[in-house]
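First chain written, first letter: the chains are A, B and C, and each begins at residue 1.
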Amino acid sequence: MGGKVYASILGLLAPKPPFLQVIPLSGRYIPKPEDVVIGTVTDAQGTFWLLDIGAPRWAPLHMTGTPWDVQIGETEKFLRVRDSVIVRVENLDPTGRIGVTMLGAGLGKLEGGTIVNVSPARIPRVVGRGGSMIETITRHTGAQVAVGQNGRVWINGTPDAILRASEALRLIEEQGQRRGLTERVESYLISTSSSNDQGPGVAPHESAHRDAPAHSVPPVGPADERIDPDSVGPAPDEY
Amino acid sequence: MTPEVTAEIRTSHILDLAGEGKRLDGRGPDEYRHVEVVPGFVTTADGSALVRIGDTAVLAGVKLEPGKPFPDTPNAGVLTTNAELIPLSSPVFEPGPPQPGAIEVSRVVDRAIRAAEAIDLTRLCVTPGEKTWVCYVDLHVLDHSGNLIDAAMLAGVSALAHATVPAKRFGIAESDYPLDLQHVPVECTFVRLGDTLVIDPTFDEELAAQGRLTIATDETGRVVAMQKGLVGAFSPDDVREVVRRALVHGDRLRIAARGGKT
Amino acid sequence: MGSVGAKDIPVLLTPEGLRIDGRRLDELRPLRIQAGPLHQADGSAFVEWGANKVMAAVYGPREVHPRHLQQNHKAVIQCKYNMAAFSVDERKRPGLDRRSQEISKVIAEAFESVVFAEEFPRTSIDVYIEVLQANAGTRCAGLVAASVALADAGIPMVDLVPAVAVGKISGQIALDLKKEEDNFGEADLPMALVPQSGRLVLLQMEGHMTPDELSRALDLGVVGCKAIYEKMKQALRDRYSVDPIAAGAA
């Protein structure tokens, strides 16, 4: 437009030579193929489920996109409304719906633990360069953590581990744009660690009312190789 | 941003925490979130108050107009309470006519104001059988993060406490005068999370709740209204416990109603 | 309020060129914009403009309800403008009224010109405007609040959309009418501008003006809009550049 470039959304401008990148400061998660995301089942139809992944539209998970032997009309035996899953984004279909799949390592139904919401824009800082921030959190708390590119983070472990990991995420959410974040998170975690620190991996909480087969896959621990922070926006050590 | 469907593991986690006397936001079972009351927020109203309880925000506006009394109470003013759960305040509200939730909030607040005789309705009567003041209390939810009842009640009572009867403007008297409350009711809401009864539930705690109990008290230590909501059950001992706690918290809320923070 | 006799009409303009509140003809009322005050909405803004208090919230893009409203190739923009019962001197009964429906429509149309709706087919972008306290120019205040709320929600747009009402009082073109000027003046012209293109996306007028007066009113409105535009940008900058805890606590 007249040789000038305009940004259409509110964001931070980051040089990524030879391009300029606008990093959105706010807004819903916009799905990209290959993103690993955490979703909640909002509907179970005959051959697929619909997931709320925090995107503008719900994402269909087809029964063939799971490791289970699902018969038509029996989807609810495997996943019910309000269940949580970790899945990978596939391609956009012509109607704008993004399909997801549960086939792949580290994907599956989530059991136990809890989900914490973070702005999608903050996820690069949650992961850290080379996974360093996530590694710091899991090392100091002993929690199991799975990070969804859609701003959902699953945390499992002792109540204390979940509490401290959640608080670390809250710090990143609120102060993610400031310098020295890694130090602040680490010092929080160190200052709140108790002498009787539990090891990682407490047995997932079994929901008493579940009669569906629990085909849950243990989600990722520290240093997940599938999430490349460089592919989702800069995560510099310092701004 | 609230997700449209809440994950069941989040609800289970809230229940697990409650079993240890803990809550997601670090509060204890008997702790209110930060309460803030801003009286006089809207000057076009005869009385108003903006109340924040944590992230929940409700704005109350009181308007008084001359009208006709009800035939069966010719000597009394008319009080009517209306709560608007507007879509602006939450992704779970739809536009359109009031949903059951809105009607319940309106009625629970109205019931407590009436039962406590917060306003001496006979003082609102101008000419018996012919002319009386109609007092509208409009409750506008702006941000829904749980516990709308307590916030709406506090906003309504605070707006009334700071209201002026526009007698001069309507040519009924020489000058406007304060509405003056004779009692100050407030409400305290509890939800059951497993075996624990927590006060001032957040939105997520309401979703996880197995029953909700609201107790309205006034400044003389009387219980003036109660409402059980959601699906769940309470024993008589549960009720005694929350009444005891409601009386303590009620006094702190009353101080806030006069304009301030807790 | 009772009927108004000739002697009750306030003096809208003194010989020195001062308006009822001491402003000059080309001065805006005090305007304060806060971005992101609400926690549930995807984007929000609170505007205090003169004695107006308006809250706006945006949800979306999200699934369309009811489904039959969805459009195949773009997001549908739904706007609901509403005045709280206590926002005006004479209590307004809650519920839909024709004036609010009309305003909702013209505001939605204004945003349809600037939002990149084709990026989100079959979704809905819901804009809610609540007037909490009214003193003329509420549709403009609402539009300004909604525009900031859309940006706060991360909705891609051509530009922010400032808006202002220009009018005619005592025969003179005046910027940003307040209530008495709107009630007793000779014309009222709300307008909304897309600064980047210089084009108007909302334009209404009521009263009587000569073509020359209209032309001057448009120019004055554009100047006013540009000043408001700067405040809108600043509100968004303030939201994200300071500590979010402090900004949100206001």
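Rule of thumb we're sticking to: a contact is a pair of C-beta atoms (placed from the backbone, for glycine too) under 8 Å apart; a residue touches a chain by one contact, two chains touch by 3 or more.
All figures in this text were calculated on a predicted structure; none of them were measured in a lab.
> Out of A-B and B-C, which chain pair has the most contact pairs?
If we tally the C-beta pairs in contact for A-B and B-C, the bigger total goes to B-C.
> Among the chains, which one keeps its Cα centre farthest from the Cα centre of subunit B?
In terms of C-alpha centroids, the chain at the greatest distance from subunit B is A.
> Compute the distance, rounded to whole Å, between the mean C-alpha positions of subunit A and subunit B.
37
> For subunit B and subunit C, let me know how many angstrom lie between their CA-based centres, rounded off.
Taking the mean C-alpha position of each chain, the two centres sit 31 Å apart.
> Going by the contact rule already set, what residues in subunit C reach two or more other chains?
Residues 42, 62-63 of subunit C touch two or more partner chains.
> Residues touching two or more other chains, restricted to subunit B: which are they?
1, 4
> Please list all residues of subunit A that touch 2 or more other chains.
28
> Contact residues on subunit A for subunit C in the complex?
6, 8-10, 24-28, 56-58, 95-97, 174-175, 177
> In the complex, go through subunit A and note every residue touching subunit B.
28, 40-42, 52, 54, 81-84, 110-115, 117, 159, 162-163, 205, 207
> Mind pulling up the subunit B residues that touch subunit A in the complex?
Interface residues on subunit B, with respect to subunit A: 1, 3-13, 16-17, 20, 22, 26.
> In their shared complex, at which residues does subunit C touch subunit B?
Subunit C reaches subunit B through residues 2, 38-42, 51, 53, 55-57, 59, 62-63, 65, 80, 82, 84-91, 94-95, 126, 128, 130, 132-135.
> How about subunit B: which of its residues touch subunit C in the complex?
1-2, 4, 41-45, 48, 55, 57, 59, 61-63, 65, 82, 84, 86-91, 94-95, 97, 136, 138, 140, 142-145, 171
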